[in-house]
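Provided herewith is a single structure, encoded as structure tokens, for subsequent inquiry.
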Amino acid sequence: MSEFLQFVASGVGQGAIYGLVGVGFVIIYNVTGIINFAQGHYLMLSALAAVSLREAGLPAVPALLLAIVAGALAGVATDRLVISPARRHSTLTLIILTVGVAIAVEGLALLIWGVNPRRYAPFTAGPPLEVGGAALSRQTLWVLAVTVAMALALWWFFQRTVVGKAMQACAMNRDAARLQAINPAQMSLYAFTMAAAVAGVAGVVLVPITSAYYDMGIPFGLKGFTAAVIGGLVSPFGALAGGLLLGVAEAVAVGYVSSAMAEGVAFAVLALMLVLRPEGLLAQVRTRWA
Amino acid sequence: MGLRRWAPLALWAGAFGVGVLLMPIADALPFLTRANLVVFALHGIAAMGLTLVMGFAGQVSLGHAAFYGVGAYTTALLTAKVDWHPLLAMAAGAVIAAVLAALLGRIVFRLRGHFLAMATLAFGLVFYVVMRSWDSLTGGNQGTGGIPDFTLGPLRFDSDTSMYLLAWAVLLLGLIAARNLLSSRPGRALVAMGSSEVAAASVGIDVARTKMAVFALGAVYASVAGSLYAHYVTYVSPESFGLLPSLRFLVISTVGGIDSVWGAPLGSAVVVLLTEGTRELVPRFVSGATGSYEIVAYGLALVLVLLFLPRGLAGGAALLVRRAAEWAGTRRQPAPTAALEEVELR
Amino acid sequence: MKLTFWRTAALVVAALLFLAACGGEEKAPGTPTPGGARQPSGEPIKIGLNIEQSGSASVQGEAYARAATLWAEKVNREGGILGRPVELVIVDNKSDPTEAAVLTRRLVQQGVVAIVGPGTSPTTLAAMDAILESRVPVFSMGSADQIVVPVQQRPNVFKTPFHASQNVDAMLVDMKRRGIQRVGLLTVNNPYGESGLAAWRAAEQRGEIQIVAAEKFEANATDVTPQLTRIMSANPQAVVVWAIPPGAPLARRNAVENLRINVPMYHDAGAGAELFLRLAGQSAEGAFMVHPKTLVWDQIPQSDRQYQALQEFGRLYTQRYGEMSGFASYVWDALGLLKAAIEKAGSTDPQAITRALENLGEYVGATGVFRMSPQDHLGLRSEDLVLVTIRGGKWQLVR
Amino acid sequence: MSLLQVEDVTVEFGGLRALDGVSMGVDAGRVTALIGPNGAGKTTLLNVVSGVLRPGRGRVRFRGRDVTGWPQHRVAGLGVARTFQNLQLFGQMTVREHLLVGRYRLTRTSFLEAVLRLPRHFREEKEGREASDALLSRLGLADVADWPASALPYGRQRLVEVGRALASEPSLLLLDEPTAGLSGAEAEEVGRLLRRLAAEGLAVLLVEHHMDLVMSYSDWVVVLDHGVVIAQGPPEQVQSDPQVIEAYLGEEAA
């Protein structure tokens, strides 16, 4: 039993990160129709920026905040420098453009930070907490707390702010949104910025658990995408739930199936989801984001 | 009659000649070798399959390298372990790839939107994990080797030059096959489906089935290229068939342009030139530059090509030819440039 | 302010400059002053480096590139080879098997007399056909045995890292001393981990050890606690982690911080030198590692045969880069062996270099003492490996 | 028994009834016109007959065979061809190619036969070419046979769609506003063509706004309003039906 709890505890921590990356996929996909391959790269940029800013002597809080801003700016840059000028091109071209962005960003990170992984100390030092015999590291608690906070913030944003509602409208029907004087280019900018910022948050809470390195973007992007699809690719909250499910499934697969196949289990879940429930696990929230 | 029958043959012979001419060009360029030409041709073949899928089924595949892998592993196992003839092994790989693609297509073509993209992504990754984990069959992470050279009767393809000529010939065969197909009943059905599914169905075309067929055909192209790859490198490991190679094929097809089967070889040439060119040129402008500069340059070049040629090189070239014809006033056919630009992929 | 294309571009450039300013890699103080040796002259001797500067094995490739650059500077400072300067042609194969094969051919076409690399097993095996056709001597830094075995089919292929099996043998020596008979294995799910796993399975077949649990993890995993939980439930007397950074230090942290594992943990030489210490932090204390002597180069007694070689390599490398890497000495020694062979052959003819390598006798390198022969293209013994541990945040020689 | 029989067909879109118990028939050798105000459900009915939509209730019978809910391509395979209200031409295809695609159901060449250029390909290409050339001259499109259809003026594009439908040698032709955007003279041309086709035994179901055309060229008129058939009969009879007049007047007044 305590073993099983350990798997779940590990899985939830990882899954929260997948979910946060997945949120970005959902936001961008719904507002613009683009699957953004650079999504995991914002996480990477923020994680590495956090390490560098801290090493440069900044106190923890401003360093982390600035690192998130750096990630968000990368989102702004993606939209303004690449997506916006190509607005008239086909969706396929736009998707491939994000592949180009991902390649260039990864190269830039390699240029700036080199290949060696960097470490960032946990936010709060101390031994892990015992929950029913399972160890839950303090940083994992941070990850969970931040994820919950992000979920609440997203809910508030989409339900209570004008921009959030406009983005929702855009997601439901882009043409209709245009008729209501919602500027799609502006919405696209917001979507990329938000997606990158959320991934950036994931990046900075993640670094202390593992480490930061230049090519972590693709694997996290992939897991985030899987999380988003499990959630139906329609709702940020679906993506968060999908991420948690994916994380736990992976950890449990390590425990009871085979550690070599754990990743395969995750992708097989993705494939099965597509076949059996293409509308995602949370189909009922399809028409609403909250 | 005689002339008309032989003209296409002469044309393709000429195309083969162009491929041969690429060799001295590659030799003359400091940053290209004939090995690059082999890779160019192999990737061109595989990407051509993807071009067919994207251009006509209107679906993005993110797992194309898996079919490349099916061909490579089938050849590796059948020629190295049980001594099949390379051609037989290649055919076996093609059949397996086609069946897998048809099964996958059958499941996902009922779905709409970007679901094929996602399903192919999942399929590609599951394939990758299976290749890594099924040690007893595939050699797992360590890969499997000992693949003999490709032979065809008395011919043995064991050098870069011979392998390139073989791959180029196969690429041209692939082009011929694609063009034969496109100028016939099933091919016209594909083109029709690619531009209006509801109208295609209205003349009796079974859209789901046709998509499945073109998806299987695309997989066959990739598989054949994969078989040749296995013979060329003589060793296969999962690393060559994961997500990054799939993205590479996607990039080749898109950069080349998905409106024409010529797009794939064009795109493949551009990708090889970009990678090798940046490798050679960047260190000349930035002293002490290493791999990372090349990657940045490659990524930026890719972005720029797509920003300025959204329909890819083939699309851009077609547009250019049309514009030139218009400008020269030699147009015998009207030039529907506007229509060309407006054709959107769903 | 409205974000137009150009304004954003300006912003990005500014951000990049800022990041470059504070993010730059730690670089050690300037190059050592040039010595007084005569300047090499004549046509340079070209040696190719086909290494993994980006992609999945870039941590290794980085160390390879550093060692190679350092070596070339030293050799050219000291008069070159046969009085001729050395020119390194370094190419990045992006850890991609196909690129590794293509680049081998390209380097040969560019007229290199020898190639160092590829630096991993899959890139080497993919390039094998090209390597064999090239006929130039090639040093691989891959760990798989089949890179140089059977030697009749690998006439021009050499390697410098110990076989995985030799690392296992060295660990087994220490385990026997501690009475450890049951181990749990945690290997990274890639070719690197696979070669370790295979070597351990072989040892188990020989009856030297009992493997009670074998788990794998992905190279980019962020948490391997589930795997460790599984391993510990099988009650091993020791845990062996076969991985490179960031996986190896992550496993150590998870084991110590989350599970408080109190059995000995062994790492292989790939776990990362200072990088391991940095990434594992406090948790590194007490971990064991089997490693060439390079990691504790400054603790090796003068009586050791490798003393000189280690001093030279260790001093130069740490002075320049501020830290040691477990991978660097493989390239350093490969280049050193090539230099010795070229000098012995008195020519840069590839065939002659290959023959000279096989008949070099003993070559004392930083990795170990090489005794290459026509039957053995590695020539290292597992006795040259040492067991080290971490005390007070520093590597300490155990034995 | 009519060639096409629609029985009690009902279609709902999210609670809105687009068709409500529609029954009607289309006979061979006659031009049947389907008229009604905007939003009456005319195109919806065409979509149900051609297999684009599956009705919530009711049957569609073609030659006595129940084809309700059959996929579009199978219905087309039986010899039901159609055109679209908003043109659905094939991108860059030439006019002749459109007609060749139209012959899809009449031909058999497979992927393999096409790639390998086996005899069936050549035979069918030759037949296809002859047949489409004949049809092209009949439609007056021979001079633009090799033009990309998208480069033609709008009126002739409509004609290409009709040509594509006719190329499949259908026994039932469904036309969705074939004269929309056409000049009076062009519309007359279409009308005469329809009469000739009907005379050859084809069944034509025409959705049309152009009242003059309907009245002068159709044999039978069905009037739909709010998804319900409010009248049917010969043109002159329908023309004087008070319910029809009201439906149309209502529209004009609104």
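Here the chain labels run A, B, C and D in written order, and each chain numbers its own residues starting at 1.
The rule we apply is simple: a residue touches a chain if its C-beta (ideal position, glycine included) is under 8 Å from a C-beta of that chain, and two chains touch if they have at least 3 such contacts.
Everything quoted here is computed from the prediction, not taken from an experiment.
Colleague: What are the mutual neighbours of chain C and chain D in this structure?
Modeller: Expected: B.
Colleague: Remove chain B from the picture; does the complex fall into separate groups, and which?
Modeller: A, C | D
Colleague: Taking each chain's centre as the mean position of its Cα atoms, how many Å separate chain B from chain D?
Modeller: That gives a centre separation of 40 Å.
Colleague: How many angstrom between the C-alpha centroids of chain D and chain A?
Modeller: The mean C-alpha positions of chain A and chain D differ by 50 Å.
Colleague: Centroid of chain A to centroid of chain C, CA atoms only: how many Å?
Modeller: About 34 Å, centre to centre.
Colleague: Hey, how far is the Cα centre of chain B from the one of chain C, in Å?
Modeller: Distance between chain centres: 36 Å.
Colleague: Listing for chain D: what residues touch at least two other chains?
Modeller: As it turns out, chain D has no residue touching two or more other chains.
Colleague: For chain B, write out the residues touching at least two other chains, lowest number first.
Modeller: Chain B, residues with two or more chain partners: 132, 244, 291-292, 294-295.
Colleague: Would you please write down the residue numbers of chain A that are in contact with two or more other chains?
Modeller: Counting only residues that touch two or more other chains, chain A contributes 85, 107-108, 110-111, 260, 263.
Colleague: Can you name every pair of chains that touch?
Modeller: Result for touching pairs of chains: A-B, A-C, B-C, B-D.
Colleague: Residues of chain B touching chain D in their complex?
Modeller: For chain B paired with chain D, touching residues are 177, 180-181, 184-189, 191-192, 194-196, 198-207, 213, 217, 333-336, 339-340, 343.
Colleague: Any idea which chain C residues touch chain B in the complex?
Modeller: 53-54, 56, 61, 65, 90-92, 94-98, 101-102, 105-106, 109, 121-122, 125-126, 128-130, 133, 144, 189-191, 193-195, 198
Colleague: Along chain D, where are the residues that touch chain B in the complex?
Modeller: 50-52, 71-74, 76-77, 81-82, 84, 88-93, 97, 100-105, 107-111, 114-117, 121, 124-125, 128, 146-148, 150-151, 164-165, 167-168
Colleague: Considering only the defined contacts, which chain A positions touch chain B in the complex?
Modeller: Residues in contact with chain B: 35, 37, 82, 85-86, 88-93, 95-97, 99-108, 110-111, 218, 222, 225-226, 229, 258, 260-261, 263-264, 267-268, 270-271, 274-275, 278.
Colleague: Name, in rising order, each residue of chain A that touches chain C in their complex.
Modeller: Where chain A meets chain C, its residues are 3, 6-7, 9-11, 13-14, 17, 48-49, 52-53, 55-56, 70, 73, 76-77, 80-81, 84-85, 107-108, 110-117, 119, 121, 127-128, 135, 137, 189, 206, 209-211, 213-216, 219-220, 251-252, 254-255, 259-260, 262-263.
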